[in-house]
Amino acid sequence: MTSEQFRRIWFRFGELVTEHRDELNRLDAAIGDADHGTNLARGLAKVAADLGADGSPTHLAASCRQVGMALLSTVGGASGALWGSALLRAAGALPEAETCDTATAVAAARQAVDAIQSRGHAELGDKTMVDVWRPALALLEASVAEGMSGRKAAVAVAERAVTLADETAPLVARRGRASYLGARSAGHVDPGSVSTALFWRAVADIVATS
Amino acid sequence: MTSEQFRRIWFRFGELVTEHRDELNRLDAAIGDADHGTNLARGLAKVAADLGADGSPTHLAASCRQVGMALLSTVGGASGALWGSALLRAAGALPEAETCDTATAVAAARQAVDAIQSRGHAELGDKTMVDVWRPALALLEASVAEGMSGRKAAVAVAERAVTLADETAPLVARRGRASYLGARSAGHVDPGSVSTALFWRAVADIVATS
Amino acid sequence: MKKVLNRVEDVVDEALEGFQAAFPTYLRRVEGTHVLTRTRPKRTGLVGLVSGGGSGHEPAHGGYVGYGMLDAAVAGEVFTSPTPDQVLAGIRAADRGAGVLLIIKNYTGDVMNFEMAQELAQSDGIRVEAVVVDDDVAVDGSLYTTGRRGIAGTVFVHKAAGAAAEQGASLDEVRDAARAAIAHVRSMGFALAPCTVPAAGEPTFTLGTTEMELGIGIHGEPGTERRPVATADDLANMILGRLSEDLALTPGSRLAAMVNGMGATPLLELAVLARRTGQWAREAGHQMDVMWLGEFMTSLEMAGASLTLMRLDDRLAALIGAPADTPALRQGVVHD
Amino acid sequence: MKKVLNRVEDVVDEALEGFQAAFPTYLRRVEGTHVLTRTRPKRTGLVGLVSGGGSGHEPAHGGYVGYGMLDAAVAGEVFTSPTPDQVLAGIRAADRGAGVLLIIKNYTGDVMNFEMAQELAQSDGIRVEAVVVDDDVAVDGSLYTTGRRGIAGTVFVHKAAGAAAEQGASLDEVRDAARAAIAHVRSMGFALAPCTVPAAGEPTFTLGTTEMELGIGIHGEPGTERRPVATADDLANMILGRLSEDLALTPGSRLAAMVNGMGATPLLELAVLARRTGQWAREAGHQMDVMWLGEFMTSLEMAGASLTLMRLDDRLAALIGAPADTPALRQGVVHD
């Protein structure tokens, strides 16, 4: 992965979230507080401004740290802390260099997912973004281990992520705001899972076309 | 007028106001605070209870004072003070006896109307109950002066009162809550005028059938 | 209509019991009446203050019964003036031998019922003076002979007259302090959504999604004008301009302001009005002594707000700033 | 959506300015942040208290900054937890050298963002302890692993911990006072109408004309159950029964109660709940030390209310009764 690709992933993710902002808010309205799209869109606008600013770092680790700080300080809510933690931890696995190999990128992704779980204490099946992150990471690692190119793996993960997000619908939430609804949370897709799928789509879009 | 008639007028007025309560509230909603029907109905329920109670006075003056006190202490708002003042003043013109002649009854009515105007400072054309009371009284006095029976005069006044109430519609209110609407008060009938017409209908209903 | 009620007919009675239950050290209900009076009456020889009106304006008026403000508050049915016998009970409860001042809001019903009570009390030998608050600039007093309405500015009048009474002023002096307050206070309000009187069960008016009522009173009435909705700053500018003009303010005026919510507008939004009110005063070169921000004189669950300005001289500033200890307004040193 | 706003994006920022404008003697905004802190900080050597959360709960949390309660309040966007850097700024503002206690409401976002700030402050050398309030009995803590929510009872926790801090208790003692308060406080709320988050522009849920949501939180979320509307007394009985059971109250318990409006429900109606709350306590043989009646922790313009009970021992009773001087809560002697 190049530093340029990394930046373009975040610009693309920002576009996708802005496009889907109202939908994410609507999903959050059903089982939360109707702000998930607004929160992420606000954060990603800051990310884009930071990444696009003159003198913004070009090395991967610094760039990733910058994204993490921007998310942490502008998203707010549960998703802000989780995305911020994820990026800050992932930065530790990336080199202070303009590029890294696929294995390093995958290792950074694993760090990100671990950080989300250690910050939020959610397990698979709790109806949170972990329900997309964890299996998506497993698929990524398996694909790359089987020798699939990063490019192809990213596309596969992006496709799978959409399904994973949809599959959160029947679950009863056990973490986050939706958990307060108890059984009433079933029958609705988890908004953080949908935005996580958008992230993987952004990754695939950029990696596949560059 | 007999004391029995006097009491039946108030029972009948209570029935009529209860029937028209929602309509009076609706009229008041348009240019006031939507409570005129509720206020009067509450007061007349108390009047009926007082007049029907064991040991309630049977002489006209005492009976009239009792009605005035009941209205004063239960109606509230502008109409409570006005009706209360009217009845308390009228009581002064009635005898401590079971009956009085038509001239005395008419004199009591004049006292009532004077009390309404001295308490409320409204003039003809201010879009208040005075717009019914004052001309109705004039018609009553003229009819009786011409030698019409009390019975016939009451029916004539009751008919005229309905028209007078309707004729308040185009006026711009200068007294009471409706005056705050300025020009916006035009186009709506004054609720206190409509209830005053109901009072005259009650008088006619009772006097004509007894 | 969805409301937190038992029987509609009982709401005022039950609410009075509720106030007594919540504020037993402040409020006591005069038995068999709709009068709330001080649990610990002020000392003999001080002037008593009575206010009141229809219910639905809470915390007015019971919330202002206590040290430095009222001695008794008389509650009518929702948006309906209390009756003379009730006001008389309030006067009796408030009288400490030095006479009683009635603070009346300028509504026909209130004025007439309070005046009748005044007459009754006077014939009982109690000295009673009355002032009528008419702070609402939305209603043009010269055109409509009922004159202006009394709205949120009334609470500043309670505060000023209450402080004077607590300091031992005579009945005439307290009345004059109230008159001075009335002469210097102006208000105006707007509504974004109506309220529902429990007994009526339906909203008092209807508004389109982009309309507001300007120049509303506090009884759920529509305003003097219907307009397209405006931003908070535009609303504040417009209202403050009207108040300023009517008070004939010149730069350097010393002011007290009140940003008053009508019931349903969140404090978050009222604070946005407070921001502009502060800015406006700075821009106009005025000195803002105090700003009250909250719900002081409501109209059930109406959405909207009113702004009040009072021009202060040294005397009024001292009265507005004096200590008060009531359920709804407490100020003064509570610690060292 | 009709709201008193300028640009939706600016509402929190402008409201913070408005609070500062209205309460300059109490509140000061830490420049460039969403933190309100005391204009006159408490003396060095006392423990600092920080709370906060999303906006839209006003007067929480800025309204509780002042003597006897908080030292700093951190405001997020409407119903959105503040970010760790903002909480860190609050911790820095509140620190008087004796460490800082964070009072967090149990929401995933709040907990995580406050915890991250705690870690950052600790690595800066500031001692920081944290407590998490989870008073909402509507959510069954044993079934849903996030646990119960923190709602209006949080204000009692501010009060108790704030009093302890003001009295010179150490960080551990203040934290323990807060924990004791949390252990003894329970709340539950209901909604008759939803609210509209400005940025979303639409109500957070819809309700039929005869429906209510029971077990609501304070973020406009639907409740745990939808039910037909009930009378005020039935609602109070049901909620008080739940609270009582959860607190395992036995006759003769000493209690503090809070009747808290969610935003749009008039004080007149809240007082009807207060009446029943007082009656209920008497009937159950409890001693009601204090009852707070008003809006303490709102959910924008949601219609509805929550009831809170706290079981008091001597220590908690003294802390809840101690003086406080903040924009939204003032108690203690203001005159002689």
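Per-chain residue numbering starts at 1, and chain names A, B, C and D are given in the order in which the chains are listed.
The rule is short, and it goes like this: contacts are C-beta pairs under 8 Å (C-beta built on N, C-alpha and C of every residue); 3 or more make two chains touch, one makes a residue touch a chain.
Owing to the predicted nature of the structure, the values given are computational and were not obtained by experimental measurement.
Visitor: If each hop has to land on a touching chain, what is the smallest number of hops from subunit B to subunit C?
Guide: 1
Visitor: Among the chains, which has its CA centre at the largest distance from subunit A's?
Guide: The chain lying farthest from subunit A is B.
Visitor: Taking each chain's centre as the mean of its CA atoms, how far is subunit A from subunit B in angstrom?
Guide: 75
Visitor: Can you compute the centre-to-centre distance for subunit C and subunit D, using the mean CA position of each chain? Integer Å is fine.
Guide: 28
Visitor: Round to the nearest whole Å and give the separation of the Cα centres of subunit A and subunit C.
Guide: Result: the chain centres lie 54 Å from each other.
Visitor: Averaging only over C-alpha atoms, locate the centres of subunit A and subunit D and give their separation in whole Å.
Guide: 32
Visitor: On subunit A, where are the residues touching two or more other chains?
Guide: None at all.
Visitor: Among the residues of subunit D, pick out those that touch two or more other chains and give their numbers.
Guide: Touching at least two other chains: 78.
Visitor: Among line, ring, star, complete and other, which one matches the pattern of chain touches?
Guide: line
Visitor: Would you please name all pairs of chains that touch?
Guide: According to the stated criterion, the contacting chain pairs are A-D, B-C, C-D.
Visitor: Which residues of subunit A touch subunit D in the complex?
Guide: The touching residues are 25, 29, 32-35, 38-39, 42, 72-82, 84-85, 119-121, 126, 173-177, 179-182, 184.
Visitor: In the complex, go through subunit D and note every residue touching subunit A.
Guide: Residues in contact with subunit A: 54, 76-86, 107-109, 112-113, 116, 138-140, 143-146, 149, 197, 199-200, 202, 204-205, 217, 219-222, 224.
Visitor: Which positions of subunit C touch subunit D when the two form their complex?
Guide: Going by the criterion above, the answer is residues 2-6, 11-12, 14-19, 21-23, 55-56, 58-59, 63, 67-68, 78, 192-193, 195, 209-210, 212, 229, 231-233, 235, 259, 263-279, 291-293, 295, 298, 300-301, 303-305, 323-325, 327, 330-335.
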